[in-house]
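Below are structures written as structure tokens.
You will see chain A twice below: alongside chain B first, and alongside chain C after that.
Up next is the complex of A and B:
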């Protein structure tokens, strides 16, 4: 603090050139690989481009095409559904796991590690593990058979009605541990005196949860929400590895549709426009995250 | 101390509600240990069941990876094992090209982690320890770049690397991973370095240290916990990436392990022992990092999010 005070007095002269370079080199790397491509991406969304000839400017043509694109509609609805289901369930289950495993007691480290272990797997490996379980002769069908629910047996990934949900489960399996860690840290930060006071006042466990735990977790909730929205919109690997968006686009997300449109159908302009839609969906979260970071950076 | 106080109070309240006489005062005390034992059992039962459910897919893939193909073909992938062999590992490792893929992954991951944390720590040092103009704007600009959905960058990055003639080269993948990740690391390290007292730096200045020496000899060693946490975290992120790899790379022999695993899935359809073995190989390095640096790893997740 003292240092900043003294530096502020002579800000123009005191910053040595090497310190400027410390900022500029990483910044240039990011400008080169992120900001400049991002600008191009926005421009390309206004063009029709096959990647070979020069991009042809079509204005908002790509976006008006989306209005009549049934696959886009499916992908957009699935993306929102993914956000709600994957996001809501991972937040709820993560909080539940954190509440269950918050107390330091014997064996707690093992339980936490068990729930957390999938977080370090790649989504591709996760997907393949679950693909084996989803096979017609796989574990899930075998278990259903053995508990007398043989009628529920399914080709889970090949059925249009179930593929989407079958893809969410592995993603959830991996995400819950992550959310749990965030909530565990949040719960640790709550002053125990609050609970003591509530108990003195005769509050039940449920009341304590509602009136102390939840309000105290507000900042963690905001973080979890941002993480979930950003992760949901980025979700790609698990769908790509399991179904590639199929069968018949039933598990298509905007991210997978964008990828296949761009790199398989080679419709680079339309693919860019889909990417812009993803950006627009993420925009609110990005801005609120930055606003919070701005306040803290002060 | 506080706990005793509470129990005493609760006992009191119970006593009042039950209009307890003096003899009843001891009554609630006896069920308490039994209640606690019951709760403990209930806890271990719930938590144990949950953990078992969570570990089941991992156990299953380990078991499947050591079965023979004939066993799986005869009994189904969901049956209990009737055989034990490491043949699936050999096939994935040698014929499936996973050995090369793992090397590729390490060739990308290790330099990317070193480079991006090196660059990020420099920027964080400059932004947190010097009164640079627009420091906050720069910090948030860099963080904002990391928050962008990568999809908006895929096509231009792919074309950019073609233009530069580094398409299908591991350098291109390292470049884009560094560029995309650096903003987040700067933000986290900035928060950490800001908390280091100014007096430490002033003492170094008085001793005649130049900015590089302050960075390298004073601030960087003090930021070691944050660097360790970010290393563990970024290692898994970069190692596990699929999207950038399949965007920038073309040739099969250059693909990292995640992309190679998808190739394996296409090449060894329904040979679940090979696919499971491949998954185990692909997960082993990050699991090893996690088990070795568990504390740092978990700290990293919190550093990034809660700060």
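Up next is the complex of A and C:
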């Protein structure tokens, strides 16, 4: 131990230039393409800018405008709702599917593949497929009609009461398979001896699940939760492709509102301020979660 | 995830291409055959006309221009939505594309005010453009600098389109007045047809603005309409309220799917006879099957108040150029060519032929539909463009939200107009 340590220390004093280059060049690229634009975004959030004239400095004006902006409020509430619904359901359904499909049986691969298949489609393609299904004379309404539920027929994406939930479904449809695969990997890693021991002790299936499966999956949970939080705060493409945040902002998320204010209404300052809010939210949620997760792991 | 990955990958490819481009241009400047005087390379023509027919038509024009010798052009077709959102970036970049398809009037003016557009006064003196109508001359002149900044090449009209065979099957005729129009709607409804198609769903909510525009220019007149869109009146004024009172009379006849399907689907419904008529611009015919084209007809948006001078929506399309172009001479050469009767007829021949050329000598497609359209436009006391062209692209989303909201919750019109005014105010004040 001591030997290795001292060897490493002496080498650290004379870093070979190649190694230095391998660190510094990507760092420079990162600074130039990631950190610098990010900082500029922060600066823009303090300005009023239409993309043509020079930005006008307005201090915290954009942020104080948000406090009185009803659309911002809708978008923020929807984002939280999205996080809970999309996140909660995809974790629950993914775990459920993994538990159902974990045993090796004949043909199980087909079901796994079927659930995983949506993951390989891009979200925009997914959205297009679902858009066709949600059409007034699309598949869903036709099926409802044919099973005698014609009264339930609906312009799903054009009604402010249903648009938000209609948009969550394709996002979930795609996410569940992904989460399922993560959980399947986790389940495979559990030592079967634990279950055998539990069976000898006379534990029921529910008890096995509570006292063996769930605790053993803790590390996978951390991964799944980070993935879900990041994915849901980033959700944009599916909403944009299906409703563009409409009808009249009922399915607006912070991300779609940011895009439409910045690039459609060309209020780039206010759009940047919204981006800063999204950044703070995502960063806050993820950091606080990771800190807690690692503290528990220690 | 996919979107971000894709952009990153595309960026890398782009960066590679830029690098390669730099290398190539380095080679070009070193070669002795570089053309003197001009800063090399073809004029880039950035086009948002991405429908197959229009794209073919554009390619035909560029090929014909290249054949004439001297300057060369290169067509770069970009999806409409991307084009619109990227245009400010194009124009403010250090090395922008040279020529753009776009709109004159207030849309061009917002860029002209910031000195981003190439002044084109000299080519307007040349024979190709000198015969253009005074209205077009005025439309293409920047209000702030007094310079001409735009070359118009075609315009089209909006009207209530319908299928002749369907109207005769249902035993109905074109209405002239608002009351006749409502009668017609009643009759169609009694025959189980949705009288008015809309198509303000999907990604074309802006179609609803046509109804707002027309009702406003019929009730309050074109002058008031333009002033309203320029921020000189408020959207919660009683005059605007009157527009929606009229709309309320027609609303029960709208296709209930009006805000659920995009205009392309609404057009299909019209062609299949599921809806009776539709307020739309002639561009929809680009996608109509050839055999249906001859069966199409339209009538002028009904007159509501005979005292108000009749105005029509006739959006003009054409080109402007970046002020930062490095090939100003070639750019003007191309624009002059685009303004000729020859180029405009070439475009009409390759497209669906429902637009009208701006050159006085250029022949239009000559179909009865086009003749009728031309007559309506020429008989109008005033011409408007369209909501976003008379105001700005930035204001369009405020109209989309307000109008789609109105169609779903007409009783909330009071609060809708207040909200509309508030969001419009934010656009005007910046």
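Basically, the second predicted complex is superposed on the first by the 274 of 298 C-alpha atoms of A that agree within 3 Å, B and C clash if a C-alpha of one lies under 4 Å from a C-alpha of the other, contacts with A are read in each partner's own complex, and residues count from 1 in each chain.
Basically, contacts are C-beta pairs under 8 Å (C-beta built on N, C-alpha and C of every residue); 3 or more make two chains touch, one makes a residue touch a chain.
Remember, predicted model here, so these are calculated numbers, not experimental data.
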| item | value |
| --- | --- |
| Residues of chain A touched, compared between chain B and chain C (which is higher) | B |
| Touching partner for A:158 - first (chain B), second (chain C), both, neither | second |
| First, second, both or neither for A:263, with chain B first and chain C second | both |
| First (chain B), second (chain C), both or neither touched by A:236 | both |
| First (chain B), second (chain C), both or neither touched by A:122 | both |
| Touching partner for A:135 - first (chain B), second (chain C), both, neither | both |
| Partner chain in contact with A:92 - chain B first, chain C second, else both or neither | neither |
| Which superposed partner A:42 touches (first chain B, second chain C, both, neither) | first |
| First (chain B), second (chain C), both or neither touched by A:52 | second |
| Contacts of A:77 with chain B and chain C, given as first, second, both or neither | neither |
| Contact residues common to both interfaces of chain A (with chain B and with chain C) | 51, 122-124, 131, 135, 234, 236-237, 263 |
| Contacting residues of chain B [partner chain A, same complex] | 2, 5-6, 9-10, 13, 40, 43-44, 46-48, 50-52, 54-55, 57-58, 60-61, 64, 76-79, 119-120, 122-123, 125-127, 129-133, 136, 138-160, 175-176, 178-180, 182-183, 186-187, 190-191, 198-199, 201-202, 210-212, 215, 236, 239-243, 246-247, 257-258, 261-262, 265, 272, 275-276, 278-279, 282-283, 286-287, 289-290, 294, 297-298, 301-302, 305-307 |
| Parts of chain A lying in touch with chain C, wherever the complex brings them together | 48, 50-53, 70, 122-124, 131, 135-136, 155, 157-160, 231, 234, 236-237, 244, 246-249, 260, 263-267, 270 |
| Interface residues, chain C side, partner chain A - complex | 1-4, 6, 85, 88-89, 91-92, 110-111, 114, 116, 201-203, 205, 256-257, 259-261, 265, 393-394, 396-398, 400-402, 404-405, 408, 419, 426-427, 430 |
| Complex contact set, residues of chain A against chain B | 1-4, 7-8, 11, 14-16, 18-20, 22-23, 25-27, 29-30, 32-38, 40-42, 44, 51, 97, 100-101, 105, 107-108, 110-111, 113-118, 120-125, 128-133, 135, 137-143, 173, 177-178, 181-182, 185-186, 192-193, 196, 199-200, 202, 219-220, 223-224, 227, 230, 233-234, 236-237, 240-241, 254-255, 258-259, 262-263, 268, 271-272, 274-276, 278-279, 282, 285-286, 289-290, 293-294, 296-298 |
